[in-house]
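Right, I'll just put the structure down here and ask away after.
Read from first to last, the chains carry the letters A, B, C, D, E and F; within each, the first residue is number 1.
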Amino acid sequence: MEALIVSLQSVWNDSGFEGLTSGNVIMLLVGLILLYMAIGKGFEPLLLSNIAFGCLLGNIPKTGFFDEPGVMQVILYGINHEVFPPLIFMGVGAMTDFGPLLANPKTLLLGAAAQGGVFVCLIGAMLLGFDLREAASIGIIGGADGPTAIYLTVKMAPHLLGAIAVAAYSYMSLVPLIQPPIMTLCTTKKDRMIKMDQLRTVTKFERIIFPIASTIFISLLLPPVCALIGMLMLGNLYKEAGCLDRLSDTAQNALMNIVTIFLSVGTGLTMEAEKFLRYQTILIICLGLVAFAAGTALGCLFGQVMKITSGGKVNPLIGSAGVSAVPMAARVSQVVGQKANPSNFLLMHAMGPNVAGVIGTAVAAGTMLAMIGPAGK
Amino acid sequence: MEALIVSLQSVWNDSGFEGLTSGNVIMLLVGLILLYMAIGKGFEPLLLSNIAFGCLLGNIPKTGFFDEPGVMQVILYGINHEVFPPLIFMGVGAMTDFGPLLANPKTLLLGAAAQGGVFVCLIGAMLLGFDLREAASIGIIGGADGPTAIYLTVKMAPHLLGAIAVAAYSYMSLVPLIQPPIMTLCTTKKDRMIKMDQLRTVTKFERIIFPIASTIFISLLLPPVCALIGMLMLGNLYKEAGCLDRLSDTAQNALMNIVTIFLSVGTGLTMEAEKFLRYQTILIICLGLVAFAAGTALGCLFGQVMKITSGGKVNPLIGSAGVSAVPMAARVSQVVGQKANPSNFLLMHAMGPNVAGVIGTAVAAGTMLAMIGPAGK
Amino acid sequence: MEALIVSLQSVWNDSGFEGLTSGNVIMLLVGLILLYMAIGKGFEPLLLSNIAFGCLLGNIPKTGFFDEPGVMQVILYGINHEVFPPLIFMGVGAMTDFGPLLANPKTLLLGAAAQGGVFVCLIGAMLLGFDLREAASIGIIGGADGPTAIYLTVKMAPHLLGAIAVAAYSYMSLVPLIQPPIMTLCTTKKDRMIKMDQLRTVTKFERIIFPIASTIFISLLLPPVCALIGMLMLGNLYKEAGCLDRLSDTAQNALMNIVTIFLSVGTGLTMEAEKFLRYQTILIICLGLVAFAAGTALGCLFGQVMKITSGGKVNPLIGSAGVSAVPMAARVSQVVGQKANPSNFLLMHAMGPNVAGVIGTAVAAGTMLAMIGPAGK
Amino acid sequence: MGPVTNNPFLIAIINMIVVFGVLIVLGVLMHLIEMVDPTKKKAAPKAAAPVAAAPAAVAAAPVVEDKSEEIAAVIAAAVAACGGSENVVAVRIAAPATSWAVGARAEAQTVQPFC
Amino acid sequence: MGPVTNNPFLIAIINMIVVFGVLIVLGVLMHLIEMVDPTKKKAAPKAAAPVAAAPAAVAAAPVVEDKSEEIAAVIAAAVAACGGSENVVAVRIAAPATSWAVGARAEAQTVQPFC
Amino acid sequence: MGPVTNNPFLIAIINMIVVFGVLIVLGVLMHLIEMVDPTKKKAAPKAAAPVAAAPAAVAAAPVVEDKSEEIAAVIAAAVAACGGSENVVAVRIAAPATSWAVGARAEAQTVQPFC
């Protein structure tokens, strides 16, 4: 009988209840809240639900996930060495239509302007006391590209990965709430009613040459993001080539889903209490909102510039789509434009800055890596 | 001419015929027999055929599979560090419906009772001279869960992996032969004719909260099986969330099939003659049968207890489904019940203990890991 | 202002434009030409387009792909340790129908005869000054099996991987241009008009036993190609077993596409200027053409032998299909035969030597590995 | 750290206690979840259908899938109306997997849900 | 090697210059590509259709996919002719993914495109 | 251990001997397999069909897949009966891949085939 009690005692001693810190408990609650946001509220469920579940698993003590080989170590390897973001970008590329951008290359400028949010946020972060690499990683939230944000953060400030990933994906899903008021603030009703000319047809030739040419140019200029841009454009080549549909399908589906699971569960695993439960996390979340708002505003304001220079042919609403968050931001432009003028169809026009924003964020990340360099180097 | 003969001789000397031991030959025969069982007889073909083919490949001398890097080393890494079983469990989770269990939580007890087979077998194995960790691994055959058995065996007694995997999957496919006589022995015809009330509807809320809550509770209590339970429940969340169907599909199909191939080929590769061709293998196979029989009997007997305490509302036949072997054991309950009373539909009632058995076996594995600890520690 | 210029200067200094060698530039052009061939001209686009894109990415300086962990290092690991070719072969096996070969085993000899091209090429390469292992790798181009060529080259002469892969896949896609003139040269119009008897039905039993038996026999004789042959036949078993369709589907689709992407991008990455831009590359490309031509001719000539020994029942055109390049070579036999006699249907007859050629090339690779041994050993 | 005990009977007993204990706690959890369920309603009438349907599902092969039923019905009706009914053994509707793929492709023009 | 500067404003300015610079160069590239395009034609009439169709696509769920339109139209016509039209909410055609699979299998008898 | 010989002709001869030898043994194996085949029957009548069908398959694109033929035939018949026949170029039936997915999902309610 005594042996029985001793044994039961030993099971308890080896359990995770023993060794559960208050930090773990709070992180479990954070995980539950994130799960509620992801599944209950529909905030980027594909990513956030896994991040949240990973957060739960990562805060169970004594699992050995961080020191013993196993499936979680395999996943963490892929996180810590940026294996997954380029593979996600391959699938994103296979889903991206650069047609509207090729039809109207001027909208590239809107995608550039909206990256201003990244640097507003970077400046803010440094003023609030974050160091340069942390500030760069926080700023990239404003780029509204999950894989790029994760890629840069792992290189620059891996201890912030959880907070930045959560902020980035949360705000990306909140784009339909964050953007409209800012957009109406930066435009007049007359602006919003502007109808744009229909886009020219883009040939298959252009669609095939563009990903190749842009890969070479951007990779040469910014080698640190060659993996990201290269995979994005390779995926797009699968989509456009016409003879690579098998690979396009796999890049968008089987491979992307597998990598999404690993990326997001692994990101959640890194959310340890001592890294996440700091007042900096709250600052990051606030700065992320500033970044999104600033990006939206700068996009719209640059849209105003383009409206004037084009003689009133450009609806400034499409500027807000430059933050990327593809395709949600473009849909927001469409919805806000249609509210002002029910016969207004801005979707395809907004897709140009929208996909330009993806490239712009990768360029911004590459520039920061080139100027600042990865951590520990 | 002489050079030609010398060269042909050298090809022969480097061939696997040179160096082929009698053990290898017997193992090749074992592989062929397993292939016959898998493909010819339909015993768990998805797993056993690959195990058998891996057994063939692993017993070819001089392939370098065990010492040179290559595809087989990648596969063996995943075997030796339990990377694959949790990923399989993710797919299993995405295929599992916990609804019947949620509708009638009492059937959890049947899933617990049937784990008795595990410990009957463990006791038998220790009495037959196996050491504690070997006995635990052999006992888990009675849990009728392949991934859990492989997970525990790799941690506890990796030299028994081949024998235990073969026994587990063979008996799982033999459930329709093993269980019915034991079930009729443990029940009267009147028992078997009992019709059960229809199950209440389970809400989506319950279906979503359950995998989350049970992950946290079981993982905290038994951290060594957090990877298994966590992935099982994450897969189930994919199924139930409603917004994660992409991931559910991949977890059930592409990812699961890939991992199944690797897991089962890799398990076969570990079947070396010196490990497998021992009289212990025969003991393991006998003990596995005892475990299945004991689990079935204990499930039915506990079903009798529940019949009495419920005032005759529970058909004890559903107890046998507690060994898991999902969904075969539940179908056996259905078939045996319908034979006694053609208007009897026990399938959904038996699914409760059936999926409870999956959890129960993982809990049993976790308890043994907590009490005994993995090998070499 | 000065700081701004210094900073912009530093971005430029860290860019890939700084450090871009003339070799890189030429290789970028090579990559573009290969892309044009792959997508514009349809030369094996699934493979060559990725090889070409990998070539582009691999020739961007300062990406860190070859020295820092990341997605490209994961891919290069799979290349350098021959992880991918056996997995591709699993998918190939799942797509291969050995039925026509089983119906007419004599056509195996045609698959053997066409391997003569491999050795013609090997002899030529050694006479041109390549060392033994390089010559073996170059010779295998004549086998017209991409995965086998990559597998052997990585083991024997990894510095030639790029050139050999490009030559192999280019000529495989050029089979419809290379073969017909040689085929008409080696046959008379009367030969080409020969109609062959219809093939007997092959039972499921034969289809299932053959991959198992041939795996055991070939692997025992030539253990160095056990991974290749084993996976090929395991994939074929998935196809034929009837109960493994899930795995067959995954082996042919999700897994094969993922591995194809990794294999071909990784192969492209290894195309460094200093390895590729040598006059040997031109020799390799010429030798590859010799190998294809010699294989075709030897196949047809052996077809003539079989025509005579069979009393005129064998159309020698099916001999050219023995080079493999499945299924293109068999289609060429069909087309050339039908041109001579519009009621002639050689396709199924040519599939026998065609799939025999796959086995034959693997056997040739295994023999060379057994006789010569891998590099550095 | 070695094992706490080597007595197989003790191990068996402790394990069964833990297994029963854990599953009983899970049962309590389930009841709690049911109790706090904010979506709980009088769902009884709905419950009848699936259970009643179960036997049929067991007896016959699943021919028609969830949401696609309408479409299948329409096609079947069309076929029947045209007088070719006997051969309709199984109208397999493109699986959900397929429809995701369709959706993905439909959205792909303008959508990157992951980015 | 440390960072070149720690001044956030300088970093922001340089970055924006680089981002604008790169995207402007990309724009130039796009124009160049358009100019050298050997396949360029008077494609204007074709252009009208997709843009005009866009609103409809936005308003309604995408019911019918690219190449499969004919087939879907045929089935829909058949269904309509047989008088069951109201329920045809969405005739989902087997997705391209599926058709590749079909193709792969059809070819599998005799084809190994990777080998 | 170095290579046995460096004479390319010798290597070529030996290799060809091995290749022929192995494939001849495989041929013998095939005959053995055929001889011991317990399922062998007078399958001749069946054999005629596929071979005869092959030419057609070569000539035309593969329109209709194996098991789905009946269904396709039914749909085609329905379509034809309704008078819309010319456009039916290819009725692609959901591929087997799809039907496994369907099956998997159908079973998923109650089934875990891997566990």
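Criterion: contacts are C-beta pairs under 8 Å (C-beta built on N, C-alpha and C of every residue); 3 or more make two chains touch, one makes a residue touch a chain.
By chain, UniProt protein names: A, B, C = Oxaloacetate decarboxylase, beta subunit/glutaconyl-CoA decarboxylase; D, E, F = Methylmalonyl-CoA decarboxylase, delta subunit.
Just so it is clear, the structure is predicted and the values come from calculations on it, not from any experiment.
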Neighbouring chains common to chain A and chain B, by label: C, D
Chain pair showing more contacts of the two, A-E and A-D: A-E
Farthest chain (mean CA position) relative to chain F: A
Most distant chain from chain C, judged by the mean position of its C-alpha atoms: D
Duplicate of the A-E contact set - from B-D, B-F or A-D, the pair where over half of the pairs recur: B-D
Same or different contact residues where chain C meets its copy chain B, judged by the half mark: different
Whole-Å gap between the CA centroids of chain B and chain E: 44
Euclidean distance of C-alpha centroids - chain C vs chain E, Å: 32
Chain B and chain C: spacing of chain centres that average the CA atoms, whole Å: 40
Numbers and ranges of chain C residues touching at least 2 other chains: 7, 10-11, 46, 221-222, 246, 249, 253-254, 260, 347-348, 367, 371
Touching two or more other chains - residues of chain D: 4-5, 11, 14, 18, 75, 78, 82, 93-94, 96-98, 100-101, 104
Parts of chain B lying in touch with chain D, wherever the complex brings them together: 101-102, 105-106, 108-109, 111-113, 115-116, 118-120, 122-123, 126-127, 132, 135, 198-201, 203-206, 209-210, 213-214, 217-218, 221-222, 245-246, 249, 253, 334, 345, 347-348, 356, 359-360, 363-364, 367-368, 371-373, 377
Chain C-touching residues of chain E, taken from the complex the two chains share: 4-5, 7, 10-11, 13-14, 17-18, 100-101, 104, 107-115
Complex interface listing, chain D residues touching chain B: 1-6, 8-9, 11-12, 14-16, 18-20, 22-27, 29-31, 33-34, 37-40, 43-44, 46-48, 50-52, 54-55, 58, 96-97, 100, 104
Of chain B, residues touching chain A in the complex: 81-84, 86-87, 90, 208, 212, 215-216, 219-224, 226-227, 230-231, 234, 237, 241-244, 246-247, 249-251, 254-255, 367, 370-371
Chain A-facing residues of chain C, complex: 7, 10-11, 14-17, 20, 28, 32, 35, 39, 42, 45-46, 49-50, 53, 56-57, 60-65, 69-74, 253-254, 257-258, 260-261, 265
